[in-house]
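Look at the two complexes coming up: chain A is in both, with chain B in one and chain C in the other.
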Partner chain A sequence: MKAAAQYFKNIWDAVSTTAAGMRITMKYWLFEPSITVEYPDRLGKGIKAEDLAADRYRGFLGLNLSKCIGCLQCMRVCPIECIKITTERLENVRFITRFDIDQSKCMYCGLCVEACPASALVFTKRFEGACYDINELCIRHIKEAVKAAAPKSKAEGQNSENRTGRINEY
Partner chain B sequence: MTEFALEEMILNMGPHHPSTHGVLRFIVRTDGEMMLRATPDVGFLHRGIEKIAELMPYESFMPYTDRIDYLSSLNCNLGYALTVERLAGIEAPEKAEYLRVIGAELTRIGSHLIAVGALLLDLGAVTPFVHALRERETYNSLMEMLCGARLTHHYVRIGGVAFDAPDGFIEKALSFVNHLEYEFLDEFNKLISFNSILIKRLANVGIITPEKALEFTLVGPNLRGSGIKFDLRKDEPYSIYDRFDFEIPSGSGKFGVQGDAYDRYWVRIEEIKQSCRIVRQAINQMPEHGEIKTKISKPFKIPAGEIYVRTECPRGELGFYLISAGGKTPYRLKIRTGSFSAMTIIEELSEGVMVADLVAIIGSLDVVAPEIDR
Partner chain C sequence: MYSLADIIYRRMTETFGASDFLEPLFTIVSYLLPCIAILGIVSLISGALTLLERKISADIQNRIGPNRVGPFGIFQFIVDGVKLLLKEDIIPDAADKKLFRLAPYIVFSSTVLAVIVIPFGGPFIVADLNIGLLFIVVVSSLVVVGFMMSGWASNNKWALLGGIRSAAQIISYEIPVALSLLTVALITGTFSMQEIVKQQGLYPWQWFILHNPFTFIAFFIYFVSSLAEINRLPFDFPEAESELVSGYNTEYSGMRFGFFFVAEFANIFVSAALAAAVFLGGGNIGIDPYNSPLGYKLLMALVFFAKALSLCLVTIWVRWTLPRLRIDHMMSLCWKYFIPISVFCLVLTAAWLVAFKGNSVFWRIAG
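Presenting the complex of A and B:
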């Protein structure tokens, strides 16, 4: 008799505690608005996924070439060596001849941005990097040699067309 | 041979199995539904982090500590930063210490949410996992506000933290912990924790007696689940943990025997509450203004010496043993993690249980595969 009572009590426990849980599930299913959105086309009109990211979001690295003084500090501090810079000196003028950032290697730690004394290297909010060839993610910021900015110069944003300069071959 | 002779079968569980939490392999000797022994085979995620540390400057190794345990990256950052700071004799400013504690406790909450959620998911309860992930999403956006990354935070630096708290962060963190402690956990417990089917699956499964827990050097919530109240935040306070008032939850055999899988699950639920308390106190005590980073010399060098610093991670004690020869890079860095010691006991616990219970045992020990192999 006792075993039978225990048997029915077990069934009752399972049913009643499950029903308590199901009530919460039903509450969310029927009365609460959905908390998920479908990416990327249901975010709302005119809203891009990048706009939803926080101000400090660590996305792709962006370079403001007019500020870059070619000090190579970002290249030295990078733990995985995904930044490659070469500079040349011609008649006492420093030229940056190469500034490649391999975004497929980058682990977005932010050490290079912190190290940059001229705040030329910044994080953008761009994070969608899907492409057919991984070499497309090696972003060449310089197409032809650019004069390095003088240290501590306050010239701003004149070379902005160079900022997004991308070449797809590597 | 009699009709009921033992018929052994060797079953391969993993390396890619949804319940192994990463790339982890078990060699399971079974007899029907009963398990004779499950031998873990680790090493699939070995990345040689300890060797990498020897090759780069102290500051540059910080992002790698994110990858020791990706679910609690800020705690790993903190452990490494404290190790280097103590050997170099640097002290972080007051405000940085508070920001570190807030970040570390929020990360502990996020990690425990995944731990309980994943355990329930392995047992077949999908809904609670989604509820836990919903809360973790708030934590992720909070950390995104604070440091810009959602998973591998890299927020703590040697001598302080990277950024000050942005506008609105404190208010959001406060409302998050209030929501967790007063609304979410009650609802979550009603939803699943007191469900009698879950109790049947977890109670009296994978019992670790206190003696056995010490024998296998279990750490963190797994040790506390066996009833031993040992928490480095209380017993050996690092950073500024001695300024906060909180309790150490421990297993008491709530629905079964002390030290069973349910106790370990329940300790994690209770620890979320305690972490909420710490975050609230830290926010109240934090100075409004102040330095957030002590300037370190460049290039950063540490005088020759050695040190072992242990901190309380969500998965238990995380120890860094650092030897410096005086150069820019460490001479040797040894990392001791909690998941590895949790891994050693699985072979012992798996003797004579059902195959389905192995999933509950692994989930309740909350092992993260990259932390085992490093």
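Presenting the complex of A and C:
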């Protein structure tokens, strides 16, 4: 008797659990919109690939040249030495003559960003680095020598508007 | 008995005049033409089903699915077919070459043979055999031969396991399929598919699924067992990816694989079409299928395809819902549940027919 009851219970269980599963998939089939992002060519109007990255995404390093004081902290702290900076002094004015970051070596550890006292070096959301020559990934942020920003203690009150300059991504 | 072949045959004798000399030619042509048409239609339908399957699975999983080739990706299956044609055709060194080559064609042809007696609504049936229903049951189990052949000939343990599993599975599930179809044969008293469709009607209460409670159960038994017979999830043991790589067709590539693939999807359509014709009234809209204007005939075909297609959708929907069973569960499901229940349905339908003089539950409305 018990076995017979179990037999019919098995049938009922099979039917009801299948129906429950089918209801769920039906819900997804008919009512849930797709969440696929058609990267890279059908992102939708006005949406760039960078917008897809989350906040605080660690993309390519970006440099705000108007803030950089040329202290070389970032170059020193980088464990794999992919930042190369040279500075020159001309009549008591410091110039940054070279600021290269080799993104092909960078491991995006963020140590340089933390070390930068002027918040000049930041992560951007740019992540599309595909290119034909790996040397293209060595990004030169400075084409010709620029004057280094004055360190904070000296610059106070002088050129504070400089501190909101554009981030140079290349 | 009217069928496409008969109609073409009569047309030809009318135009060319009947003669003993040309008679064999007429017969061959009148059967060959619809067969070729059916072959084209079946390939097209199975192509469309692959696309449908990918689209629906995408919808269920909140994806988009193929959408690059043509509007909404509707030409995807053509591109897939071309891709399969261009692939290298590899035959393993250790394979039994003759059997290896033969197997896909046996699988494919057994599927297409079944389509011959499927009534597509109206007069659209290639050959209205008086053993139509039996013919389908017999021919569709021929698939096993092809599966076993491919599994054995590949000389590959996964393929062999897949072949053996398919033999075990398809032969066991043959029984509930046949028994549940027999409940309808009991009511109709004939195996001819056109006749079975003709005895139903336009309205649901005239269909055999609602003839009595037992045919109602038999329909579901048929549907689930047919899933097992065509190797669809949750019964896709012969080609279980996680266990057997790809089962019996592991070693196949190129167009030979394509044949397996087309046969698989054509099988979905065949089993859905059979269910639609036998249980759901087929293309019957309450009009004489032979002596009506062409528009009505096409409407009947449309009704039939609508029913068959919605059953195909259910098949796909089930596939993307349920996980694969365990193999011993699959066997106990067949032998402990489906076979006893379908026998029970068969006997009780017979009793019903005796007790109620062959009337259905809704005989008052149906008239």
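As a working rule, the second predicted complex is superposed on the first by the 117 of 170 C-alpha atoms of A that agree within 3 Å, B and C clash if a C-alpha of one lies under 4 Å from a C-alpha of the other, contacts with A are read in each partner's own complex, and residues count from 1 in each chain.
Simple rule for what comes next: a residue touches a chain if its C-beta (ideal position, glycine included) is under 8 Å from a C-beta of that chain, and two chains touch if they have at least 3 such contacts.
Predicted, not measured: the structure shown is a model, and the values here were computed from it.
In the superposed model, A:Arg56 makes contact with chain B only, not with chain C. Judged by the touch definition given at the top, the superposed model places A:Ser34 against chain C, while chain B stays out of reach.
Set against each other, chain B and chain C touch different numbers of residues in chain A, with B touching more.
In the superposed pair of complexes, A:Thr18 makes contact with chain B and with chain C alike.
By the touch criterion stated above, A:Val122 is placed in contact with neither chain B nor chain C. Residue contacts after overlaying the shared chain place A:Met26 against chain C, while chain B stays out of touching range. Contacts of chain A with chain B, set against its contacts with chain C after fitting on chain A, overlap at residues 10, 18, 21, 24-25, 35. Of all residues in chain A, only 7, 10-11, 18, 21-22, 24-26, 28-30, 32-36, 38 touch chain C in the complex they form. Contact residues of chain C toward chain A in the complex are 56, 58-64, 317-318, 320-322, 336-337.
Chain B makes touch with chain A in their complex at residues 56-57, 59-64, 66, 127, 134, 137, 141, 144-149, 152, 154, 162-163, 166, 187, 190-192, 194-197. The touching residues of chain A, counted against chain B in their complex, run 10, 13-14, 17-18, 20-21, 24-25, 35, 53-58, 77-79, 107-111, 114, 123.
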